[in-house]
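Scroll down for the structure; my scribbles are underneath it.
All chains are identified by letter, namely A, B, C and D, in their written order; residue positions are counted from 1 within each chain.
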Amino acid sequence: MTEASSPHPDSDDFMFDPNEDKIREECGVFGIFGMDNAASLTALGLHALQHRGQEACGIASFDGAKFHSERHLGLVGDNFTGADPSERLPGHISIGHNRYSTAGQTVLRNVQPLFSELHMGGFALAHNGHITNAYTIREQLVEKGALFQSTSDTEVVIHLIARAKKGEFIDRFVNAIRQVDGGYAFIGMTKDMLLGARDRFGIRPLLIGRLGDSYILASETCAFDMIGATFIREVEAGEVVVINADGIRSFTAFPNAKSRPCIFEFVYFARPDSIVSGKSVYEVRKRMGHRLAQETPADVDVIIPVPDSGVPAALGFAQETGVPFELGIIRNHYVGRTFIQPTQQIRDMGVRLKHSANRSMIEGKRVLLVDDSIVRGTTSTKIVRMIKAAGAKEVHFRSASPPIKHPDHYGIDMPSKDKLIAANYDLKAMTEMLEVDSLGFLSVEGLYWAMGETERLADEPQFTDHCFTGDYPTPLIDRDRDASGVSKQLSFLVEVA
Amino acid sequence: MTEASSPHPDSDDFMFDPNEDKIREECGVFGIFGMDNAASLTALGLHALQHRGQEACGIASFDGAKFHSERHLGLVGDNFTGADPSERLPGHISIGHNRYSTAGQTVLRNVQPLFSELHMGGFALAHNGHITNAYTIREQLVEKGALFQSTSDTEVVIHLIARAKKGEFIDRFVNAIRQVDGGYAFIGMTKDMLLGARDRFGIRPLLIGRLGDSYILASETCAFDMIGATFIREVEAGEVVVINADGIRSFTAFPNAKSRPCIFEFVYFARPDSIVSGKSVYEVRKRMGHRLAQETPADVDVIIPVPDSGVPAALGFAQETGVPFELGIIRNHYVGRTFIQPTQQIRDMGVRLKHSANRSMIEGKRVLLVDDSIVRGTTSTKIVRMIKAAGAKEVHFRSASPPIKHPDHYGIDMPSKDKLIAANYDLKAMTEMLEVDSLGFLSVEGLYWAMGETERLADEPQFTDHCFTGDYPTPLIDRDRDASGVSKQLSFLVEVA
Amino acid sequence: MTEASSPHPDSDDFMFDPNEDKIREECGVFGIFGMDNAASLTALGLHALQHRGQEACGIASFDGAKFHSERHLGLVGDNFTGADPSERLPGHISIGHNRYSTAGQTVLRNVQPLFSELHMGGFALAHNGHITNAYTIREQLVEKGALFQSTSDTEVVIHLIARAKKGEFIDRFVNAIRQVDGGYAFIGMTKDMLLGARDRFGIRPLLIGRLGDSYILASETCAFDMIGATFIREVEAGEVVVINADGIRSFTAFPNAKSRPCIFEFVYFARPDSIVSGKSVYEVRKRMGHRLAQETPADVDVIIPVPDSGVPAALGFAQETGVPFELGIIRNHYVGRTFIQPTQQIRDMGVRLKHSANRSMIEGKRVLLVDDSIVRGTTSTKIVRMIKAAGAKEVHFRSASPPIKHPDHYGIDMPSKDKLIAANYDLKAMTEMLEVDSLGFLSVEGLYWAMGETERLADEPQFTDHCFTGDYPTPLIDRDRDASGVSKQLSFLVEVA
Amino acid sequence: MTEASSPHPDSDDFMFDPNEDKIREECGVFGIFGMDNAASLTALGLHALQHRGQEACGIASFDGAKFHSERHLGLVGDNFTGADPSERLPGHISIGHNRYSTAGQTVLRNVQPLFSELHMGGFALAHNGHITNAYTIREQLVEKGALFQSTSDTEVVIHLIARAKKGEFIDRFVNAIRQVDGGYAFIGMTKDMLLGARDRFGIRPLLIGRLGDSYILASETCAFDMIGATFIREVEAGEVVVINADGIRSFTAFPNAKSRPCIFEFVYFARPDSIVSGKSVYEVRKRMGHRLAQETPADVDVIIPVPDSGVPAALGFAQETGVPFELGIIRNHYVGRTFIQPTQQIRDMGVRLKHSANRSMIEGKRVLLVDDSIVRGTTSTKIVRMIKAAGAKEVHFRSASPPIKHPDHYGIDMPSKDKLIAANYDLKAMTEMLEVDSLGFLSVEGLYWAMGETERLADEPQFTDHCFTGDYPTPLIDRDRDASGVSKQLSFLVEVA
């Protein structure tokens, strides 16, 4: 049976984190051209984008003669410490990358930006998203004698550029982009330009900002706010922008591109203070709460957010209903990653390291919990049990996003379909599995309403929303090959250090 | 001139933390008798008490033959990682300590528990609070040939025990306690008992809990919750409790003791989910917000808490007034302690690493900020400026506690009197210095109301509240000697490592 | 003027090491096929070869399904500590590499073995030596779209294999080898074989050993001794050996190959207990001392070796002459790499951290110092001054190898020609520069005599000896292009981490 | 049975070190008064004395206002790296200490110099040697309420000073010294003086040197050589010297003192380039070899020293007999402390990490091995087997010191009597146990001859030589109490960190 069929809390309770059963963005990117100490600003920009990837980070720069690169496992703030980064990474062009990764393969050779020495000179590339035919292309390239230094899908693009027979660099770059499918935002740099590119649906975000005379590219506006830069516009779906000493130029990689940004940027990924597609993320999330209250009302005494991501929707829900919003779950901010391993004795005590119930707000009350989503449901059950153990009379649960029924293939890390609770169970079964008195999800229509749309246009949906609807914007070549039995082992190497 | 006269933001803005201008608790303590793997439970208890001290931590245990001790700089969760701590610290008796310290002297020799080999055997001691005549006693002891291994006031008690001429250990301990003044909670252990003691006003907290057949002592109930233990009662003011294989015995160190716990436990120190003196800390803080709204109303569009400690009072304020509560300040949770040093270029950009304004909730609005207190006022001004820069039409500021006018001498770390803004300026001057449209403080009466008291009993105040009132419960011997010109240099040694 | 013209001791005296002005081997290699826990034996073999390279080390293994790799900066014994390496690097095939490097480019991506995913599967390669046309080939490959992950000349061979149009793997390997010039010993591994190859003059060493049913390849016999393996034979000049489950096969990469091993293996590199080309290194070095005594006698009281490499020749000299051999220079074995930086005050004291004169053996005596060679002469002068300061009546200096007049291009790290003292000065000038009473070098004929040869065959010299004679066995393509003004910048990247 | 009865090589062979079965000095001390940056010179002096203790090191200084202290586990060169130590440890007075320790108790609180705040001010103390009544005095002090911060015998002296009823500091110090028995050299410092003291037999060494106008105290002359200081004289047996701004003063702590320095300084401890009691250590060791050759001749082909400490005696033996001296055992200098743990597979291979036999000098020969001593005999057997495995026709073994039959009690770390091979077996039995063709020891008379004495004066021996003779110069109070059943457990505490 699948794990979803048995979401019972277990020994993981010890370290269980209210945020642990979430889907994850895989990356954040940042680039700047034409500013002294560019790498320092890149470090700050990456810091603002840290929520998009905490596994690794890297910065490259060019100083007029040499490229410089620094790549690390871990956080920006733990690696770019002490002296100004631009002392080690001098120059006026710089790009950077935050990476989130699912498993073992976060070895240093996969950390971006990737750097290559092409015939035309040095080239660094950073990528947010996923190329859905990367493995297929890679296989063809290896057959032709290409040597891959990483298992990252990003490297495929570099090989395509390196092997292009002719043309200016920018032509080779556009040509390479056209050969890859999927959802992606690329930031690249050569010795005299900064490049940005977005897939033909604009699934992954990429924005243009300005600071003085310099242009900046970044995944979210909060990176501009961090350094006092001004948001100019989004890179268009299917657009390639080139920034050099002469300013900014735009190329159309996909003439028939159509904007259809990923709706999960609003539901989860973006920082609440970012503006995405012209909308305040915080406000959209609050509107999700308002609409949720209308769609799935409940007669309760208190609204409690699952911290931290459920807070805006819970506030919206509370404001819509007039029921008090209270912090009923307290997080412990001091948990290190490698805290003591619990013995059986400690597990049996039901110890929870990362949070606790605020009993005074729960005991004897009808509680409504608001979370941003339900993925596998395992954590939700743990939270419900903790709230009940603190004396709640009733526990109701609301998801501020619709049921997640389909996996992503564009750079979001989430469990396989057989682990997605909403893909396998109906509302009644989920209500029982979560052990709640009632359960409710926001509708897809409600989500579009929260986004400010009057309705979802079925023929040309305004957003990439396949996780809720199954409507994938692009073909999924590697997946389909894989499903037909073709192995997808990307590497024979386990790199220990 | 004093610093308080010039609270202008400066280069510190780069790393400025909404929580940085707070007063600090100096310690948390935990002890357990009669449970296998006692040190593991102590580690968990200290983790729950981590908010009371983040500079250092230590655990001692006794295994029937040997004492074991581990002391570290840094957090519990960063030091007691990996294998179960009771593998290194075996035994059925254990005590532990979290330490916050003001400056340089957090060298390892000062980290508690302090351990000594007395004539009667090993003795470990941990302390939360401050002994107000420690230096005076120390000086007398050194003159008699005592060698001090630390600069901690705690060691004075151990020397007093060691030099007691006669009596059972517990008599020596009670006798030593009686010689020291101040606000303190001690937890000690010998090879066959766990001890707890609280000063004669019960200024610093100490509670008794139970887990199975074992007794536990801890600074807050949240440490009991962490390990599933039950809160039994508080150690009384002036009481010494002794826990051994026969159970718990109580000794009266100060017959005329009178309970007068420190009110700052409610205002700041305790975790919101702790129960102090029978009251939910979270509820008291919300009541402070309610009363604050009544005492200092304002015509505003949005209530924004200064995160994180201002949240409960802001919720109370919002619920009292019906004005929306919104998260207008977003914290970045990923800031390492040693992030890059800003260059002048970056400072000039007004970069702020630790938080940002959520512009969509601020722009064009009349904003009311709620914080739990105002100490020096420097950080408040920085926050106000950030909110204004995000487009607020008006900014009003409310402190959920009364003006802080007097320094503490019982274990709370706070600036000297000349730096306390409310000790040096009136409301009008402070309003100008904070650059706000209005400023308001909770009254002392309002604070007592929030605590559930009808009034402050001037002759016998229910709480230790000298920071607001100047009414110190005990004499301050070292301070007075110091004021009269006697040097208080505790050590000639600067210990580098 | 060149540095050689002014070999005056200076502030470096503080950390000056009797061994510091030596030429350096660049690498040691080791491989084993068909033994469980192969990586553990590789770690031991590399440890025995540690003297051939101390900058970095790496081990790869194959476990039947996956390749495993671990690469580090630093020593084998500092990196392969604790648990058995084969727990992390499981499998029955393994190769390893010790690296010495001249400068900045010892970044991890250059540490060997290099691993690549070829169309035929995984391939790991390790290299001792230098390819003299690597840059030229690399340039051609980059033009064709090859992406290089390192700046190591070794990677050229992997690309040549990857791009071979057809043939079995071994054919592609032999074909690749044939395209590269220089002095080299390669050890490679695929999922089912271990490979070894030696250049057509056998300049760099490579030996075959056996342990039970397993074959081993290594740079020196001391690696066999370490693990109790038996030395079988040398890989022949121009031979490629393939070891797999069926045993060992031999391929002839260069039909007209002629053995002419590097004479520096005897003079410097090999461990004294190794057998090279059938000769005991220790005995050869002693014979160099005997002959040196005959060629350049001196009337002295005591023979003092420059430790440690001058000891065998000094013993030979002493035995030949009957003059006492004494340890007149004592080394301090505890010097860390990053000992305190000396202030001017300390420099002025003439402090020497790494060694000291044993005054009782020197004072009032006529001393003859024996070193294995003189490279720049700077260190020799420092030693002479130290011996004089200890009261020597006369100081005579003997080099157990001939004057070094020409740089190497086959993997030996040495100063450029303008820094080689013997390339720029005659014996009289050097005698003055070293401030000695007499100076003597072994003759080239004497060196051949020590090797057991009756004479040097001018037409077909038995050894690669260009450093003494200028007679390079192969063309030097990259060098000649470089000399004609073609840039040789291998990388635009400065990789900080 | 005792271990000595079964000296068979075992799994330890893997890491076995020719030097491992040696006795060990416990400490080296250094102090300087009146030189700027005194701590830097102390660091250099300790570096020169590193051979006397490698477990820990510490330096204290006084800058006119404050004392500074730094104590570390590990080597001087690994801990006092980078910037000049006197930046962290400023001042013109400084003392330092190197420590060797036998086991577990090398926790930081035991690392010297120990610092205390006495009534008269700060006091730092460092000690080489052992106080034979330390435990007895400690017990009395603890009974009186003294708290000990370390388990070091050194702290007893500080408590005795602290508790002295009256007198100048120097009187208290002399008075304290008089209460302790044993072999010791103390270096202490207060805010205005540097002190040195030597026990009444001068068992442990202490020397006075001079650098410019500054006086220096150190354990060996090599520390003076390191910094260019001049050796003035030894501190006399039973003398206390006080160095301050007025120069040097001498006090007689023990009027009836008689010089009888420890003969092991010559046999083992001192660096070969040190001058002890006016004699070159290197020369004395060579004379031991000459005499050994006369006393125990052998008909052999080659003399091989057990490296490194057997070298001078082997040279003497070879010069006396004319038999060639050869390096037959090669050490690997790159062994880290924590190299891989050998599996059974590797142990079965007879792998030896730290050294190897130089087969070409051994095979087919009659070998005579010379070591400085034989302690347990276990290592000697391993060496003999290794030499035999390399093909020796005969193996003869010589010890350059007499049989060690009695343990030390004055600061030398050696096995208990039941493990000393010569204390339990006669020559014939030892010859069999070492598996050699002949075995010989230097006689006690021969040792005195090598020291330049005509004979050992039985009534008033010139040296402390109880390990050979059983003639202890002082009573052994703690040992005798211990032997009579009084527990000597110094601490109930196991300090993990």
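FYI, a residue touches a chain if its C-beta (ideal position, glycine included) is under 8 Å from a C-beta of that chain, and two chains touch if they have at least 3 such contacts.
Predicted, not measured: the structure shown is a model, and the values here were computed from it.
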item	value
Chain labels contacting chain A and also chain D	B, C
Whole-Å gap between the CA centroids of chain C and chain D	38
Chain A and chain C: spacing of chain centres that average the CA atoms, whole Å	50
Chain B and chain C, separation of their C-alpha mean positions in angstrom	62
Chains touching one another, given as label pairs in label order	A-B, A-C, B-D, C-D
Complex interface listing, chain A residues touching chain C	66-72, 88-89, 108-109, 115-119, 121-122, 142-149, 155, 158-159, 162-164, 191, 491-497
Touching residues (chain side chain D, partner chain C) in the complex	36-37, 40-41, 43-44, 47-48, 50-51, 54, 75-78, 80-85, 211, 222, 225-228, 271-273, 275, 280, 282-283, 311-312, 315, 319, 324-327, 330, 332-336, 338-343, 345-346, 349-353, 356-361
